[in-house]
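One chain, chain A, appears in both complexes that follow, with chain B as partner in the first and chain C in the second.
On to the complex of A and B.
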């Protein structure tokens, strides 16, 4: 993983699309919080479309949920192995259920 | 999974349930759903098998598979996948099987790599199934299933399995014959076999390793047969070393490391174990001749090789020990005839040196070897009952002249070496007897080269055998020192009283018990000397009242002036010789008989001393008959023609070889001493234990005395009986075998 990020810093950009077509741009590394995304992009010898294009279209994830998911990626990355106190991760009650389902889907 | 509690939405279980219900209901309406989804996945997998995955959307496939499993179609998905991969592999198998020999392995390897890749991809897509469905249903994961299918369809298919094995074995064979082969390819294939075993190595072991071992075994059986008939032992061993090294390299290059032990064992059995005897006994180059010729390198090689197999060193050890015994026996019995004590012992020392060196350089100082060689030495040294005497004589020799101009360290080394041999001697008390005699002679005749060396030797004996052993020897040294003091006192007294003695007298006062007791057959001393002796005696007894002073004339030395027609010489002679010569002052000729009567010297000693005086080198007396030995009929006269370049003439005492009579005397003394020691030991034991059973007592006594000599049980028994007679012990009334101590 570290190899990859060193080798092609340019391709360390990942685009995620929500079901309604909203584009989110983030670092690949951040997305590895999701087991699903990680294997989509990082499987040693496969190269699926997603890996080639560095973009993933989530047909079943809505914009607010995907946004929250990406927020969580950054949240997780920031506080994993950190010694500072853990702030609360704010979640809008309306999207709780969908977020849960998406989290399951994404293996997060 | 979200593992962050505060952030996880799962803290609201209520809404969860509702959501799932709703979600499920939505899709279950469509009865065609599983079929449709499978079709989609099937096409995708086909693409993957074609290595065409880049057109596929992982998200789509994953989502579909995810949903399928979520809606309890996992089993259908799993089985369909299995069938599909199975079918695919069957076609791959026929493809591999149809390839020509050279490309067979390459093709196989390629299909293996492809299969692995596709299975990994499929696994990723079906990740959700692996996670949820399999756990519940206890079936192998997708990837493992792929391995099983590959194993059954390809690696173990009838078309491929045997061919694969044959090809691999022929590759190994080719390499053994010196050809270069594609090691990496073979490494990959063996790795494949290992992977196919999933979590064990059964596939590798069953399909490849076992046949490999058996071919290896038969290969080296043939090879070793060929080697052993054509090569000498060292050459054979070199070959074996190379073979073993090659096999090990083979393991590291393309076999699994678990094979190393097994392969090694097979090779070692064929190359070493099966030929051990032949190798050792090989004529002109086997173990014995290596020992004979000091082939350190070869011996080391043999040791290292034999060390690999069980019982190898044992066999080797036994042969060496047997050989050492044989050589030792030869030395011991052969040199005895030659009666050359010095060389006898020197050759033993050389032998010991040689084997110590071999042990160090070739045998890695192996404890077993050291032990067995020591045992061999112990065995043959004790074969010769004269060994204790010879050791003492050897030390005597060294201390008398052998150590001149040798540094202290070297003396130390030599003495240490002697001690190592001394350790093997069982009859240490016999040694003590002789050592005492020899030491006494050295001290009294002033023959010892270095006082320090003497003391080091005694210190060494002390550490070896304990205080008791050397206390008397040390007493002898003390006597010598006291005598010097006594003599200064005596001389001072003479000056004070203005007395002068006709001769310069030097007396050593020796404590009885410390010194070897000699038969005090006194000779008749000349008047002048007697007078001196009396003076000394009165002086000594005035200082030490109540002591008994006896003169040991057989141990003294004298310096006398002799006027020969040519020149005046000073003769250094023993007291006996002096006594004999003094009588020639009065008469020209004396017969043997007359000398005996005049001097009173015992015949044995007289003969010995006359021999020394008539010795062609320093011919002080003329003997009428020409025989070499002294006969009782001989007549002696003063040799007028005596000539010597030196002013001082040292008359060499004839080396006193122990006569048979003396030897048996010494023996008797030793036996007598032993009796006391045994009795003392018995009493010691019994005093501590009060009651004891016969055999226990005997073994305890043996243990106590071991360091000095090995007592004969029969003698021990006799001593016990004698102690019972003298009422130190009694037999128990209940059991005749048990003794009680009587205080």
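On to the complex of A and C.
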């Protein structure tokens, strides 16, 4: 495997950590669905540590909620500008309130 | 047609993008890049488990018919013929 494609893959990778320290690895581009994450990573003053390390720790977002948020990033990216019927985006009722709060924080 | 899987191992979930034509071997390679594993041949020590079956390196996603957003468990080799067990916390996350 060439070093170039390795670097490409790694430069697109973002790591998000939940309150319990669970690590989620995802594509940076997908995460831009979140206005908050997008500004953390893209600010003109790109001296933000988050941008350099490509890691963000969310000490107040639990693992199941963070996972649902990331699933939503992929869901949104997939069906934006699509004219076909959207499948339902299922949400476990136990996490609904926390999910709403986190989505608000993340501007998603 | 591109899709993604949630590859889970211990305290990590990788949202791994894939095409229908990708082989399991190729995906293992991607995991190795993401986790910065230096071993030459990822297929030798990474095992993917889906619905209690170990996935064959040579098969493609299309052949295996794994739906989008599925959870695939990952374990590393620990010895000649032994692999890690799937952590209970990971199994529990399938709610």
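Points worth noting:
Here is the rule we use: the second predicted complex is superposed on the first by the 98 of 108 C-alpha atoms of A that agree within 3 Å, B and C clash if a C-alpha of one lies under 4 Å from a C-alpha of the other, contacts with A are read in each partner's own complex, and residues count from 1 in each chain.
Criterion: contacts are C-beta pairs under 8 Å (C-beta built on N, C-alpha and C of every residue); 3 or more make two chains touch, one makes a residue touch a chain.
Source: prediction; values computed, not measured.
Clash-free side-by-side placement of chain B and chain C is the outcome of superposition onto chain A. In the superposition on chain A, A:97 makes contact with chain B only, while chain C stays out of contact range. By the document's definition of touching, of the two partners only chain C reaches A:25; chain B does not.
Once the two complexes are overlaid on the shared chain, A:89 sits against chain B while remaining clear of chain C. After overlaying the two complexes on the shared chain, residue contacts for A:13 are found with chain C alone; chain B is out of touch. Set against each other, chain B and chain C differ in how many residues of chain A they touch, and the higher count belongs to B.
Residue contacts after overlaying the shared chain place A:70 against chain C, while chain B stays out of touching range. Residue contacts after overlaying the shared chain place A:107 against chain B, while chain C stays out of touching range.
In the superposition on chain A, A:56 makes contact with chain B only, not with chain C.
Remark: least CA distance from chain B to chain C after fitting both complexes onto chain A is 16 Å. Residue overlap on chain A between its contacts with chain B in one complex and with chain C in the other: absent.
On the side of chain C, the complex with chain A involves touching residues 4, 6, 11-15, 17, 29-30, 33-34, 36, 69, 93, 95.
Partner chain A is touched in their complex by these residues of chain B: 1-2, 4, 6-10, 12, 15-16, 18-19, 23, 48, 53-60, 62-63, 66, 117, 120-121, 124, 127-128, 131. Touching chain C in their complex are the following residues of chain A: 1, 6, 9-10, 13, 21-27, 30, 63-64, 67, 70-71, 74, 92. For chain A in complex with chain B, the touching residues are 35-36, 39-40, 43-52, 56-60, 72, 75-76, 79, 86, 88-89, 91, 96-101, 103, 105, 107-108.
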